[in-house]
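Note that chain A is present in both complexes that follow, paired respectively with chain B and with chain C.
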Partner chain A sequence: METKKIVSYSIPIIFVALLSVIPFTQMGSLVPILYELFLWIVLVQSFNIISGYTGYVSFGHVAFFGTAATIVASMVGFGIPIFLSIPIGGIGAVLLAVVIGYPTLKLHGAYFAIAMLSISEAMAVLVLYLYPYGITLPPGLYDPLMTYYLMFALAIVATVVTYLIDKSKFGLALISIREDEDAASATGVDVFKFKIMAFMISALLAGLAGGIAVWRATYTEAAGAYGVEKTIEMIAMCMFGGAGTVTGPIFGATVLYALEYILWVRLPFLHLIIFGVLIVATVLFIPKGVIGVIRKKFPKLRKVLR
Partner chain B sequence: MGGVYGLLAMGLGIIFGVMKIVNVAHGEFVMLGAYASFWLFYFSSGFINPFLSLPISILIGFLIGLIIYKFIVQRTIKAPELTSLLLMFGIGIFAANSALYFWRSEYRGIPFTLPSLSIGIATIPLVRLSALILALIITSLFYLLFTKSYIGKAIRAVAQDRNAAALMGINPIHISMLAFGLGIALAFGVGSLITMIIPAIHPYMGASLGPLSFCIAVLGGLGSEKGAFIGGLIIGLIESMAGLFIEASLAPAIYFIILVVVLLVKPSGLFGRG
Partner chain C sequence: MNKKVKGKELLLSTKVSKYFGGLAAVKGVDFFIKEKEIVGLIGPNGAGKTTLFNIISGIYRPTSGTIKFLGIDITKFKPHRICNLGIGRTFQIMKPFLNITTIENVMVGVFFGKGKSISMNDARDEAARFLEFVGLLEKKDVLARSLTLADRKRLEMARALATEPKLILLDEVVAGLNPTETYQAMELIKKIRDELGITVFWVEHVMKAVMEVVERVIVLHHGEKITEGTPKEIAKNKEVIDAYLGEKYLF
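And then the complex of A and B:
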């Protein structure tokens, strides 16, 4: 029992240790790829909290990413230090979540999905109108190593937060909302409060990721920051890995990002077609995702693969 | 444009009313309809103009709708609402990106115009006028189909109460399939009409039409045909007004505000039931 515990704790620690020294080794060229992967893990976990656990599918999740990126970029333009701007960008995303969530989370899940779809479109149009040429950060800010570690840390934080939610009563409340909202409300769960809290946590993670991403890219523009393909990839990765699990988003993000990376070299844009097919196939055949299938086949792994 | 918007929301409303499926891929089907018109025009070297291709495109849409329902949607009819939502989302992504991949991203248009009509100081382009008239004709045909024919009554019966309709000897599975086909057919029809109004077809045009059609449908009341049409007219007017008084490119932001206000004040929409 003791050795098992040691093994299951040491695997993630070894991973973290390896990934933190990678920039200083021969494999330093992997850093940009790993950075992208961490970005995806954060976004997918963020989507997972509101959509996987709570069951409210956010079809425009990229709105938080893009809005925070825009806020951070314009604040840095005013001379506010980047370390201050990123948290403010995150708070901006949370405020946006409250504004959207307050009217829509009270209603049926479908209305929420529709509202998210149109808000990301509306925000993209608004940002394009305000900054038609995008925003470029002042020169000299680019710091690949710092952004790598920040995104890495954020990916860990996002996963830990998801793990804590999964273990806690809060997570249980969210799952009960997903399974049967009326029943949850009847048994005394303050449905609306939990939904909006989950939505705010989710928006905060996506917003912080947006802030770090704009630092890395030193540039943001509406079409890129609010790209529909980001939401598509988030949903595909989350569904494929397993929505409503801790490890599913990591698995989904890793596999699909690798697939995308390989395909991009030869056949750009083909991956989005494949992602569409993957979403349909996952919904039809493995609604609980790959992790869900593994957990069903090997019940012993259930404790490790949360 | 308003009449076309009404049709847009009507197709969405039929599918939602009968199956409680929010068709988030509606915009993508409109895009496919527009391309259907374009390719028909292109390969017949201009012989099949948008007027002729409209019925063909509607028929293609109907068949595609039946096939998609039969092989994909039917499997999830008993699953929660969000399952079918994700499913339609996946289908939409597949459609948009396949179009992007095979037909490339350039804007295409059908070089087909009619002379303009001048009444006093107002100049009305005949193509647009005929698009509006066609939209009105299709709307009234569908309205008649829904209120007068057996099939229409059956569809409304299933929308109201699936089990009760089944007890009355209506096969809800067949009716759902038919309704899905009709919804997609309407989307294709809208696509063909749009080629008359805007000469710019591209694979991602569905991405902005989708949210727009939701705003119309929610404004008018999801599942209400009359509401869809009036909602379409209102949104069409707002869009023109936004172009005149504020800034045309900001129109999507205005739709969103309308959507939120409607959701806050009267979630069932202007003409919704319950």
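And then the complex of A and C:
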């Protein structure tokens, strides 16, 4: 029992240690790739909280990422320090979640998905109107090492937050909403309160990622920041790994990002087709994702592999 | 008809109506339920029984009329507040949380029924007690998805009981069960009242089961209450026989 515990705790610690020192080793060239992977992990964990746990598929989840990125970029333009701008961008994303959530979280299933998609597209048009040429950050701000560590830290935070939700009363409430909202409500769960809270946490994570991402890219524009393909990729990674699990998004993001990276280099554009096929195959054959299947096949692993 | 029932009024419905467009699903229904009673609600298909349950539990808001529980007007309350106040329910079309275990299903009720702040382990212990009460303890770590129909009905009852209600609304908990399971469910309903002291309001189609367990029956037909009384009175009532039981029904 004790050794089991030691093993299950030491694996993530070893990983974290290795990834922290990588920029200073011969594998330093991996940093941009790893940074991108961490960004995906944050976005997929964020999506997972509202969609995997709560069951509200957010088809415009990129709106929180893009809005925070736009807020941060324009604030830095006004001379506000980046370290202050990023949290403000995160808060902006949370406020957006509240404004969007009040009307839309009353909708179910496909209606919520479509509402989110339209809101995200509308935000993109608005930002395009406000900043037709995008926003470029002032020179001298670019800091690849700092943004690497920040995104790494955020990926860890997102995963820890998901873990804490998974094993708590709060998470049980979210799952009960996903499974049957009427029954949850009749069992005393204040469904609306929990949905809006889950949505806010989800938006905060995506928003903070948007802030760090714009710092690293030093540039943002509506088409990139609100790209619908980003949302689709989040959905694909989350479903493939296992929606409503802690490790599923990490697994899904890692495998699909690696796949995408390899394919994109060799077969540009074809990787989107392969992604499409993968989504269809996942939905048809392993709707619970890889981690979900492993958890089902080996019930003994359920306690360790959340 | 039968105003001699003793005890305090727990639930009081006054002129409750619910229209869907032009159709009256429930029309001007008055009734009361006293503490520690077992009351049956019967009526042919489409009589408005489940609609009435949905109104009491807050899923629907009535077009007119009021529902009072413990003297509080709950007509406009949301379902979770009604549950917090002390009305638990099961669903005719069962709604267990399919992808979590049986015990986790019941833990939702333990945690949120009364908004208790207790630890995960204490909640688990308490949920186990309710599973034992309905006879489902040995299946506590099974996913609700893999339970049989009869077990799902028990699980719904355990989850509703875990919210520690004063009144439980049971929506067709016997329909579809075999004779042994039916007998067990009837015993369980009596136990809910006798051992836990919970008032029971029960919608059922299986006449034999209702008539044997309940003390009082309310009859709905086309959304209106046509009569109420003891099972014996109801079985002899001409109107009820015509509307529902069929002319050959003998009690």
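Quick note on the criterion: the second predicted complex is superposed on the first by the 306 of 306 C-alpha atoms of A that agree within 3 Å, B and C clash if a C-alpha of one lies under 4 Å from a C-alpha of the other, contacts with A are read in each partner's own complex, and residues count from 1 in each chain.
Keep this in mind: a contact is a pair of C-beta atoms (placed from the backbone, for glycine too) under 8 Å apart; a residue touches a chain by one contact, two chains touch by 3 or more.
Computed from a predicted structure; not experimentally measured.
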| said: Going by the contact rule set out at the top, does A:Val277 touch chain B (first), chain C (second), both, or neither? | reply: first
| With the two structures laid over each other on chain A, which partner does A:Val76 touch: chain B (first), chain C (second), both, or neither? | neither
| message | By the touch definition at the top of the document, which applies to A:Leu172: first (chain B), second (chain C), both, or neither? | response | second
| On chain A, which partner's contacts cover more residues, chain B's or chain C's? | B
| message | Just to be sure I read the superposition right, which of the two partners does A:Ile114 touch: chain B = first, chain C = second, or both, or neither? | response | first
| task | Look at A:Ser185 in the shared chain and tell me whether it touches chain B only, chain C only, both, or neither; answer first, second, both or neither. | result | second
| Which partner does A:Leu96 reach: the first (chain B), the second (chain C), both, or neither? | neither
| remark: The residues of chain A that touch chain B in their complex are 55-57, 59, 100, 103-104, 107-111, 113-115, 117-119, 121-123, 125-126, 128-129, 228, 232, 235, 239, 269-270, 272-273, 275-280, 283-284, 287
| field | In the complex, chain C residues that touch chain A | value | 57-59, 78-80, 83-84, 88-89, 91, 95-100, 104, 107-109, 111-115, 120, 123, 159-160, 162-163
| message | Please output the residues of chain A touching chain C within their complex, sorted ascending. | response | 167-169, 172-173, 175-176, 179-180, 182-191
| note | The answer for chain B against chain A in the complex is residues 22, 24, 72, 75-76, 79-83, 85-87, 89-95, 97-98, 100-101, 204, 207-208, 210-212, 214-215, 218, 247, 249-253, 255-256, 259-260, 263-264, 267
